[in-house]
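This report concerns only the one structure given below.
Chain naming follows the written order as A, B and C, and within any one chain the residues start at number 1.
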Amino acid sequence: MGSSAEFFQHLMNGMTLGGIYALIALGYTMVYGILKFINFAHGDILMVGSYIGLFTFDAIRGQTLGPWTIVAFFIAMLAGMLFSAGLGMAIERIAYKPLRKATRLAPLLSAIGVSFILSNMAAWMWGTKSRKLEYPFDNTPLHIGGVSITPHQILILIVVIVMMVSLKLFVDKSRIGKAMRATSLDQDTAKLMGIKADRIIAITFAIGSALAATAGFLIALEIKVYPSMGTMTGLKAFVAAVVGGIGNISGAMLGGILLGLLETFGVALLGIPYGLRDTIAFVALIIILLVKPEGLLGKVEKEKV
Amino acid sequence: MLNFILLILIYTGIYALMAIGQNLITGYVGLLSLTQAGFFAIGSYVTAILSVTYGIDFWVTIPLAAIVAGFFGLVIGLPTLRLKGDYLAIATLGFGEIVRNILNNWDKVTNGPMGIQRIPMISVFGVRVSPYEKWGFLVLVWLFVLVGYLLFERLAKSRIGRALEAIREDEIAASSMGINTTRYKVWAFVFGAAIAGVAGSLQAEFILSVTPGAFTFMVSIMVLCMVVLGGMGNFKAVILGAFLIQFISYFPQLVGLSNVIPPQFKQILFGLILVIMMIWRPQGILGRQKRIAPGSFFRKGGRS
Amino acid sequence: MILLETTKLTRAYGGVVAVSEVDFQVREGLITGLIGPNGAGKTTLFNNMTGLDTPTSGKVHFNGIDITNHSAHKICRMGIARTFQNIRLFKELSVLENVMVGLHFTTGKSPVTGRIGAAFHSYLRAREEYELMHEQAMKWLNFFHLEAFADELAKNLPYGHQRELEIARALATSPTILFLDEPAAGMNPFETDSLMKTIRRIRDLDITVVLIEHDMKLVMNICDTITVLNYGQNIAQGTPAEIRHNPKVIEAYLGKEEA
């Protein structure tokens, strides 16, 4: 009875962490699906979004905890999402678009550069000290059947599920979603069919960035906001995307959740020291690259000769 | 002031070694690897551990550092190099972080975050080369750079170098012409790793201590910037790149403005260099080397 | 004598069967043509015979050896070379260097010291080795009258010459069989004529040529035997005369006659 409660505890923790990874992984995977390119700066866009969210929240939340703070929280989150979306689109336009026809390496190097610029400008403007994001509600854990869940975790789960379902519906059912899928399969033909590829690409970046900003803002409640928060989390989310199958939206969701579970159970059951926690992700990466490089849900893409 | 410039030149030399390795991997084979920091760290720690714990002479640790780093190049290269270059970058970056993580946590061997101190100095034929008197060390480092340059340059101009470039240009065609592309990619990776290991060894002997904090992925980025700025595929150019990046790195201190200019300045600049160079002049300042036959190193123009 | 043959070779991608139970033979000394409407599976068949793709089922044998699962570079080293439908030259290398890459694995081979020895050797005798490869590469360039372009970057070559360079590079690997994938694509009749002569000259070097082509004049004129694919299946085999009159072939290209 004790260990089954423990199991569910870890399951809970793992799923919420995984949900966060999944949201961020979605951004990577969508951009990769359309441009066959890994946006190194994705994690840093998330970081900027979190800062904007933090500033907005601190500005409007008032002094006491109440229903307004929760509303303010969501407004702040929205602000962060919108800013990130805009930032993502701007970066795409300035640093990636000119390199679409260049060698494979060029956009990757550019992305690395952007990542560097973002994280260091953040450190310069806002200092390297991490800032606390206040809980908009009382975060005492609830106890359900031996498992303690915090309202924070419930919030994460709700937001993640809402986002993922919305995205899936959007991509599968809407016109723009269809255009996105077409563009990711064959950009030139999509253009011939009248799809404005540039606009679709911009929208993809916007959505991916907004989702990442959401994730960043949610997790900032726990890990705080600091300039390099994007790098490691972004890296791990990327691993999640690869594990699930990069270019594949369901893959990103699966990969994110799996990684969250792996990390949680790994630390809890295998006694992996907290300092080596991050290594779990990279080991998972190496394993998947060795065993099934196209990812769990990915399909082997043989280059056409 | 002179002392400071000598210091910069020594760092330039050490980083030039890594840049030469990076040039082979990225400039010739076209792989985006961000591993140099990891191999740099491994080389440093090999020298540190062997000389401090086991009293092994520096000159013995150097080839060992190269071999151990090269070995890890093999270990990391084999699984990652059979994939598209895009994920290679992140996988290699992750490797660098794993190395740093391990160095930080494996207290028994590496002494954790505190690192290893009091590394014995190098002696050449009984004469101690102290990093405090910079001239001797400077000459030593640049001798290594010269040897490294000659070795890699010859390799690149040979039949092997041509095969590497063929792989960069079109891997499918290269393999259809009988080239075992995976093997060659791994070898390039191993050589790049080995020279980074040597650089690490020298670094350990210069600072006379090693700590995990010195091997962040910033090092890999700097090395990459050197190659991008100087000129991909051009060994002389990457050495120039090393100069430029190091001078940029120490610029605020050189002009005495380090109170005014924030520490993030150089990093932002490196980021800008990457973005701007890619958009404006991807071949780097000096561009690729003109295609000439080997043996014309001392003759200008060669067969072209 | 049969040099290369596939036995019931099948390549399926999920539900789509690109090549279906194809038996295909390449006989020594004969110029073999592989034709069929677009999408018939010709290039897929090529890829499965040259190690760039692995069949879902079936086998490929070269000189009696099972090469079904061999990698491309191994197959090349055994004596099969190829060109590509979309020209895959090493664009940033010079014309000469492109051919030298073809010479790569035959140069500096030392049975005693093996590959590392060869690499080290290559290292020490760089000048000597370069001269040797230069000479051999120039021979192949001369074959195609491309010597003048030797130091030009491959990407700067006019289209027709690019195709010739690709063939030169493949020939430099000293193959027994040369696979040409649509060598006449985009060529005018003058160039196609020249290509015909080139293929005959290659045959005179005792190299067996197999070509995928859509240019019927070229195929009928030069091939000794032709195999026809349609919807991934081998529907006919024979001399040009036989193929020309084969009702199945006509139907494949022109569609069924309305009664």
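In this section, a residue touches a chain if its C-beta (ideal position, glycine included) is under 8 Å from a C-beta of that chain, and two chains touch if they have at least 3 such contacts.
Here the structure is a predicted model, which means the values were calculated and not measured.
Undergrad: Relative to the centroid of every protein C-alpha atom displayed, which chain's own C-alpha centroid is closest?
TA: So the chain sitting closest to the middle is B.
Undergrad: Relative to subunit B, which chain has the most distant C-alpha mean position?
TA: C
Undergrad: How far is the middle of subunit A from the middle of subunit B, if each middle is the mean of its Cα atoms, in Å?
TA: Here subunit A and subunit B have centroids separated by 32 Å.
Undergrad: Just the number, please: Cα centre separation of subunit A and subunit C in whole Å.
TA: Centre separation, subunit A to subunit C: 47 Å.
Undergrad: Indicate the whole-number Å distance between the mean C-alpha point of subunit B and the mean C-alpha point of subunit C.
TA: Averaging C-alpha atoms per chain gives centres 41 Å apart.
Undergrad: Residues touching two or more other chains, restricted to subunit A: which are they?
TA: 305
Undergrad: Which residue numbers or ranges of subunit C touch two or more of the other chains?
TA: In subunit C, the residues touching two or more other chains are 52, 84.
Undergrad: Considering subunit B alone, which of its residues make contact with at least two other chains?
TA: 172
Undergrad: Please name which positions on subunit C make contact with subunit B in the complex.
TA: Subunit C reaches subunit B through residues 50-52, 71-73, 76-77, 81-82, 84, 88-94, 97, 100-102, 104-105, 107-108, 119, 122-123, 126-127, 129-130, 133-134, 151, 169-170, 173.
Undergrad: What part of subunit B is in contact with subunit A in the complex they form?
TA: Residues of subunit B touching subunit A: 26, 30, 32, 79-80, 82-83, 85-87, 89-91, 93-95, 97-98, 101-102, 104-105, 172, 221, 224, 228, 262, 264-265, 267-268, 270-279, 282.
Undergrad: Within the complex, which stretch of subunit B touches subunit C?
TA: Interface residues on the subunit B side: 154-155, 157-160, 162-163, 165-166, 169-170, 172-181, 288, 291, 293-295, 303-304.
Undergrad: Can you name the residues of subunit A that touch subunit B in the complex?
TA: 32, 36-38, 40, 95, 98-99, 102-110, 112-121, 123-124, 232, 235, 238-239, 242, 246, 273, 275-276, 278-279, 281-283, 285-286, 289-290, 293, 303, 305
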